[in-house]
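Below, chain A partners chain B and then partners chain C, in two separate complexes.
Entry: the complex of A and B
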């Protein structure tokens, strides 16, 4: 049964809808991430004031807030299945690849919602508008894809361990560092009017590598 | 036993040669000798982590727990050599550049390696059941293997580099005294043998522990 619909677009779409629906029922992850982002931005804003003339700090703070606000929630998609004992049932109805892709798309959507709130707030509270909207949004989009791809894969690994929450940050941050470095560097370059081609290539290559790796590795993730 | 004595004599001889026979690099002075610890350890770190990744992939392909023991042992030993390379490099940096840590590209990449393999070992310690532990660790190892080239080759390019690499490692033809290279190569060979021996011990211990649990 799974092989017939495996990795088909319909299965991915069904997983994405299921994820959205179950998130919308509680809005637990979304509320937590949004509140975290707003609270952190407020704290940073009180602590340092406006940073309009310091694009280096502005870029770093923006990405650190985004990273930590979304990190816990990005792992949550798989942890929820394990804690609710629904993973086995899910696997009976869809192939690992379509589960992975569906959850990745959900995480991307989730990240986009967080950014829709956190990024304008960050720009308003801390600095001015970006110098080049096109470059800024391109770095933001590619950075989000790389971030979601990596965090989804590591989240799937972490869901099967003891002490998932504490471990997730420790295990995912080392492999998220290239994303953070590229995104911060690109956002900063855009503010000083420099080209961001190198950073965009880095983020795109990393996102593509993680996506390809996910497709190969998800078959090995659940075997019991 | 004989092999171990030979290994001990080999490394001792290489060290003595480093102090008495090989010349000092003018700018570096006495600190030239840090090279004999720093460079082989850094190279061996890469060998060990590469070996660990190779066996992780082999485990995913063949599902033999012997590969997992190799991967875990190589990661532990690689972390050990990584610490040696980092500490010796940090001391050398203090002597030559006046600061223990500068986030120069090489320092950054070896620090990332330490973080990644620290996370790998933390992950291993948090999984119940050896087959599942082996599988999840092997998968994480593959993820890390994809991240490492970015961390080592791509990310440092984005930040400006202040490494004095040309002093010791000019591209193509090294403008370094061949005696220094010979001692460093001898140290590397000795440390590689040390690594292989320690890894064999780790793998044997893992096999015996598994046999005892099974019995």
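Entry: the complex of A and C
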């Protein structure tokens, strides 16, 4: 009897590839997210010019753009399964943990693509003091993990509820505020040459907590 | 087909489509589910051991599909328990996922992906050996050879039903659950269901939820859900 019990790693990898393929075919979130990021940064650049002497504003603007460009798409990875009625197929195929990890990895990849466009555009259009690359990338990476982890979990929680649009805003706001605060503060601090240890610890702890919570909750979230 | 046995090693997976899976047993003990007052599955008790074919009949709303969803592990029963065992040992959720194949109208496919890509995803996620070969074989068995490149969203309802059959059979499950398998199918498709059930009767436990006499005649045992538990075998 060859094995048919899904190996977790194989399932996570398969789900990640399936998500990428589906997104590439439909461009459900990517086009909208990129359009939002480019349009926002261009509009702000036209309106206020360069903000090289205002690292606080630059940091806030960067994370607001990343948040709003990606949030709807990140949460939609689960909603899409419910609205497309494919959740039954998915649940018959892989464990809740594998599904959660596959979706989380896709969301991280999605966020990385948005950042590849938005971060250079932000720096070019709005200027800014020289980057401390190590600290900046650390804040960006941990902020992305925390953001993707939180949005994935919120997306899973609201996916099967009625009125999920309204619920999404209500649930995401309080849980995303610590991520935003840590990421904005860390980005501003690295521009000012200040240490970012506290912000990195906050983002790492928050991201780990969200991941841990996801792994505990996912088994129960989709029980009927 | 007989009562549940007791015995030895844990079931880890189920193999090649022709390979027999003996020692699989399903037992429902006062199993019921209530969606709302008066709706759902009234408590039922029965024991089945594979290989073999059983049919569950009953009027609309009597809980046939609910029963299959519980057996598949998709629905937690609000009453009683459903125990799936291999050689006497209960199957954990992960092993149950590998042991059960479900063909039901609630199984939908990713419309933007092709039929082959949908099944390929399932084969990869299940960690099946030779996923491409398995997908090609499964599609050929249900008469979809050469259509693996067709977008799932563009398939007719009959062809989509065939794809559901391929999905259920892909990993050669020990327990095959067929919920109204002939729905949307033409005469040739219904004959295909008959052939597939006939093939599986020697290697798996097949449970068919149906009100179609042609399908219930495929079974060795027929149970009727009458709203208050399983009736006598017909």
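The working rule: the second predicted complex is superposed on the first by the 212 of 224 C-alpha atoms of A that agree within 3 Å, B and C clash if a C-alpha of one lies under 4 Å from a C-alpha of the other, contacts with A are read in each partner's own complex, and residues count from 1 in each chain.
Keep this in mind: a residue touches a chain if its C-beta (ideal position, glycine included) is under 8 Å from a C-beta of that chain, and two chains touch if they have at least 3 such contacts.
Source: prediction; values computed, not measured.
A.B. asks: Quick check for you: in the superposed arrangement, does A:15 touch first (chain B), second (chain C), both or neither?
C.D. replies: second
A.B. asks: Contact-wise, after the overlay, does A:162 reach chain B, chain C, both or neither (first, second, both, neither)?
C.D. replies: Only chain B is touched by A:162; chain C is not.
A.B. asks: Which of the two partners, first being chain B and second being chain C, lies in contact with A:86: first, second, both, or neither?
C.D. replies: second
A.B. asks: Between chain B and chain C, whom does A:98 touch in the aligned arrangement: first, second, both, or neither?
C.D. replies: second
A.B. asks: With both complexes overlaid on chain A, does A:181 touch chain B (first), chain C (second), both or neither?
C.D. replies: A:181 contacts chain B only, not chain C.
A.B. asks: Which parts of chain A are in contact with chain B and also with chain C?
C.D. replies: Residues 223-224 of chain A touch both chain B and chain C.
A.B. asks: In their shared complex, at which residues does chain C touch chain A?
C.D. replies: Within the complex, chain C contacts chain A at residues 12-16, 19, 21, 69, 72, 74-76, 93-95, 97-98, 100, 102, 104, 106-113, 117-118, 121-122, 124-129, 167, 171-173.
A.B. asks: What residues of chain A sit close enough to touch chain C in their complex?
C.D. replies: 1-7, 10-11, 13-15, 17-18, 21-22, 25-26, 84-86, 88-89, 91-95, 98, 223-224
A.B. asks: Which part of chain B faces chain A closely enough to touch in the complex?
C.D. replies: 60, 112, 115-116, 118-119, 122-123, 126-128, 132, 135-136, 138-140, 142-144, 146-147, 150-151, 154-155, 157-159
A.B. asks: Residue numbers of chain A touching chain B in their complex, please.
C.D. replies: 150, 153-154, 157-158, 160-163, 167, 170-171, 173-175, 177-178, 181-182, 185, 198-199, 202, 205-206, 209-210, 213, 217, 220-221, 223-224
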